[in-house]
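Several structures are given next for inspection.
Two complexes are shown next, each including subunit A; its partner changes from subunit B in the first to subunit C in the second.
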Partner chain A sequence: MSEMKKIKNLKEFSTSADRFEGANLLCPGCAHSIIVREILNATNDDLVLGASTGCLEVCTAVYPYTSWDASWIHIGFENSSTAVAGAESMYNALKTKGRLKQPDRNPKFVAFGGDGASYDIGFQWISGCMERNHNMMYVVLDNEVYANTGGQRSSSTPIGGSNTTSPAGTHSYGEKHNKKDMMGIMAAHNIPYTAQVAPNKWKDMVKKIQKGFATEGAVFINAVSPCTTEWKFDPKDTMALTDLSTDSLVFPLYEVIDGKEWNITYRPKNVVPVEEYLAAQGRFKHLFKDQYKHMIKEWQERVDENWAYLNRREEARV
Partner chain B sequence: MAFDKMELRDVEVWDGNHAAAQALRQCQVDVVAAYPITPSTPIVEGYAKFQSDNFIEGEYVMVESEHAAMSACIGAAAAGGRVATATSSQGFALMVETLYQSSGMRLPIVLNVVNRALAAPLNVNGDHSDMYLGRDSGWIQFDAYCPQDAYDLNFIAFKVSEDHDVRLPSMVHQDGFMTSHTAQGVTTMDDDKAYSFVGEYKPMNDMLDFEHPVTHGVQTEEDWHFEHKARQHNDLMTKVSPKIDAVFEAFEKHTGRKYSQVETYDMEDADVAVFCLGTSVETTREVAREMRTKGIKAGVVALRVIRPFPFAKIQEAFKNVKAIAVLDRSAPGGAPGAMFNEICAAMYAAENSPLISGYIYGLGGRDLTKAHLVDLYNELEANVKAGKVTTQLQQFIGVRGPKLAYL
Partner chain C sequence: MANTGWDEFEIGAMLRSFDGKIDDIAGTLQEDRAYSPNNSFVASVADWRIEKPVFNKDYCIDCQFCWIYCPDISIIARDKKMIGIDMDHCKGCGICVEVCPTNPKSLLMFPEQAEEEAELANWPAKDEEK
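Let's look at the complex of A and B:
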């Protein structure tokens, strides 16, 4: 077992030895890079990383450059989970056979994917990796849209959001369907650890990631990743917007252990109305027209309902 | 716990699937990631049983689809070790995206493809329609005609693919049911002798070398993509063929069994020749020998290596022949047969100009009989006498209904 990295404060954390270089092509204000750095900086162990086709991939590995100072693989849109699972299987094989070049190391296997790659096209691959309980972590960088291809809806896109394939218009409030409950589905695999994280709550996030790294078996992480380009807010406001997402309980922070033990890890002192979260983003601008205002009320009811549900799960221990 | 070695008789009665599974066991593959599909299922079942009985030390990952199987193989190969899998037909079709990715990433995976028809209509029997899905994918493709070949070609495939000058994946094809489920005598190697032919895997750019992190599967656009693809093509065109010849020669020294990229039969003085693949080769050889007793100088040419296509060796094989029938066991899809086109291309650039006609046969497991082949040789003889192709260029063999002929 490797020693857990000790992190005292944000300054120290942010200046940790970087294995994800700042030299990348992600948009200014993109939360992806913040989340990825926080995850990689949570450990000093060696890393074997994977990424699905998407913003993170196209912005960090454009030949002949790479932003990764750790082993990294990209195959396609749907299979970063299985690519990393394959590498983890090879690690186990070579360990058994005594052929590891550095047998004393304790590598961590992490796959990243956007919500399109995870909730939609790569769903089956992730489910397979979780069910087989590979000793790996899968992280969704959840920006609720196909951002890399210019803002099409995914099954993570929330109801009422305007995007290029379910645009708001004179006869439509935009996306018609509720966001898929990926956390619930993954927890139902009864994997050792499932958690939702947000980059603004970095202590909560690092704690969960370190817990995930210390777990033997499959770990699923859903990370809220506000997208300045597609959510339409000023790049300087990424953290403020993330605060709104967690404090309005639109993105509640919680963890699930073995599919049974649900723990809410952050209870905002002052819960912000969902309306404030929606109002801060251009993708929901049309909801404030009289025609679609009923949606705001429905949003609040849905968020309240979900929060009550999570509290019941926490209490019930099932 | 160390794994056990298996005692084998010098000659075992194995079908093609079991022969392939035994070869994978003897090569001590580090990771097999697989998904079952008829008719290749017994390969992964056989391998799983070997693992359950402690004949395998590596990892065996039973994934949830063929796409995932090849995805896991890619991750495992990039991590740095020997990797293999098996599939057929629809599963192979589902894998196609990852075929291009594995070869483009220069990962030496071995894939056993037990050839089967493609739906619709759904059909589990053998033809070569699926094989051609891999034709442009940048893989090396070997073709087995019988269980012995299916066994031997796996060792050859690892040896060629894993060479650091090659670093390209290989497919070993065998015909669904006709080879995969037909038991024949297979001359074996004992475990030590078998493993010594492939030897220990030598990693390159392995993700598990933590002192040398690597980035696999990068993005290239108009600035670099063409150069990468051209380099891969160049290696297939120039480096792979001599390497295959060298490995065939080494295998002959190791076992006494000889393979050639183009397998010729009675071609020294042949006037007419049939070109085919897979299990049809043995049947056609038998008929060719019988035609000789009737005064027709018949020969057979077959590919052992489909990719890289042995262009010059095909020209050499057909250099004295007057008429060729090219048999394609795949749905032509509105064009001349795939192999017909390739043989025509090679012979167009050759010094002689044989008469070439194409035949579509055996789709969905339909039998090719000796009587069909007798008719074929007679038709070729008639073409020679007439000095031209007396039929249309594309005909169908063994299909019911009105005679089909085109072009």
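Let's look at the complex of A and C:
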């Protein structure tokens, strides 16, 4: 059971038996469940899952229902990472003592968190788990906002986004601070594997997740999750928006091995201008007024700069 | 369990997804699972829909894009074939229609009260401009 599940193409992948159930209460068109499904279906092994408070948690565990067909726990906003790390430590202790009831099974430990729970509230806990190098995976469902509580800004919210606590108006272009470079911070922990994924590139994503499961030690995954409610676009356009985010290089797809080896895993054939990515979302609508038009140019420059930086890191191998 | 009030609920609750024991969930398809009344699989979100997807299998090429990108596990794929839509769990977001690559599309959105057979009979023809 512990050998890697073989997924050559989408037809083969579609024979997977889902372990995440429908009739959860996520919004129509939410990318969270697409990401969760791609992760859970990437393995046939048993799963020990945790979720921080956030959209995913409140929508999949509404009493008296659960949408999870695997061991799943919710404790608090900040500690899904440590809860799963604790389960992993207990598993290792029982294994060492020879007290596992089914020693041939090879469970995978995965913790989920939104960007609020990961970039802000649970930051210290995640950092601890990564530093102690538990054999677990932490997945951020990065929708750049506290979507569950009504759209407050988080430290993942990019410049210029209009949110309930950083609204755009005649005197403000919205969020003033740029997005925290969580990938860089996690790579700086020198953990075995860090990767940024997007649900539209399912093959890239499944490959990275399987690589993460095969890795001994801590794995950090940052998944872009367009939020139809807070990014303000039509639910049917979720995948189109994910395409825009990866093809405009706003969310470049790359991986970092041992904090040293940076590999860009997806280079779009036709790079889309950032303007198209911004224009597709209601939260950036005000940037197209004359008053704030300079922001679009700054956006493009920032994205180009980041892409050049990633390319330099890939080349330098440091 | 379903009749327990919120204040009769024990702290540190555990909900069981299945009745009895399933040894290999990842190898058991949904129709073979013994879902417990606490699994959201037994619930329905069909009343969320304003529009519903209708599936025309004449044009389907079984690419499974709809299966992978469906957020609500509502596309039923068995033996590498797309065989239908789970209307209890579909919220009518329309992603499946957007990602469908065939011409004409093998999935289209219609108003919730539309007659499926009438819509299938009037399926749009191939769009030559694409």
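Throughout what follows, the second predicted complex is superposed on the first by the 313 of 318 C-alpha atoms of A that agree within 3 Å, B and C clash if a C-alpha of one lies under 4 Å from a C-alpha of the other, contacts with A are read in each partner's own complex, and residues count from 1 in each chain.
Assume contacts are C-beta pairs under 8 Å (C-beta built on N, C-alpha and C of every residue); 3 or more make two chains touch, one makes a residue touch a chain.
What you see is a predicted model, and the numbers here were worked out from it, not measured in a lab.
*Asks:* So in the superposed three-chain picture, is A:Gly184 touching just subunit B, just subunit C, both, or none of them (first/second/both/neither)?
*Replies:* A:Gly184 contacts neither subunit B nor subunit C.
*Asks:* Touch test for A:Gln124: subunit B only (first), subunit C only (second), both, or neither?
*Replies:* In the superposition, A:Gln124 touches subunit B alone.
*Asks:* Can A:Ala31 be said to touch subunit B (first), subunit C (second), both, or neither?
*Replies:* It touches subunit C, and subunit B stays clear.
*Asks:* Thinking of the overlay built on chain A, is A:Gly217 touched by subunit B (first), by subunit C (second), by both, or by neither?
*Replies:* Touch partners of A:Gly217: none, neither subunit B nor subunit C.
*Asks:* Quick check for you: in the superposed arrangement, does A:Pro167 touch first (subunit B), second (subunit C), both or neither?
*Replies:* Neither: A:Pro167 stays clear of subunit B and subunit C.
*Asks:* After superposition on the shared chain, which partner residues are touched by A:Gly259: those of subunit B (first), subunit C (second), both, or neither?
*Replies:* The answer is neither, since A:Gly259 touches no partner chain.
*Asks:* Which partner does A:Pro273 reach: the first (subunit B), the second (subunit C), both, or neither?
*Replies:* Neither partner.
*Asks:* Per the definitions at the top, what is the overlap between the subunit A residues touching subunit B and those touching subunit C?
*Replies:* 61-64, 66, 68-70
*Asks:* For the complex, give me every residue of subunit A touching subunit C.
*Replies:* 10-34, 37-38, 43-45, 60-70, 199-200, 202, 228, 234-240
*Asks:* Can you tell me which positions in subunit B touch subunit A when the two form their complex?
*Replies:* Touching subunit A: residues 30-31, 33, 57-59, 61-65, 67-68, 71-81, 83, 97-98, 101, 105, 200, 206-211, 213-221, 224, 228 of subunit B.
*Asks:* Over in the complex, which subunit A residues touch subunit B? Could you list them?
*Replies:* Per the touch definition, subunit A meets subunit B at residues 46, 48, 50, 57-58, 61-64, 66, 68-76, 78-79, 82-94, 96-97, 99-102, 105, 107, 124-125, 127-128, 131-132.
*Asks:* So in the complex, which bits of subunit C are touching subunit A?
*Replies:* Spelled out, the residues of subunit C in touch with subunit A are 1-2, 4, 6, 9, 13, 15, 17-18, 25-30, 33, 37-45, 48, 62-65, 67-74, 77-80, 86, 88-95, 97-99, 109.
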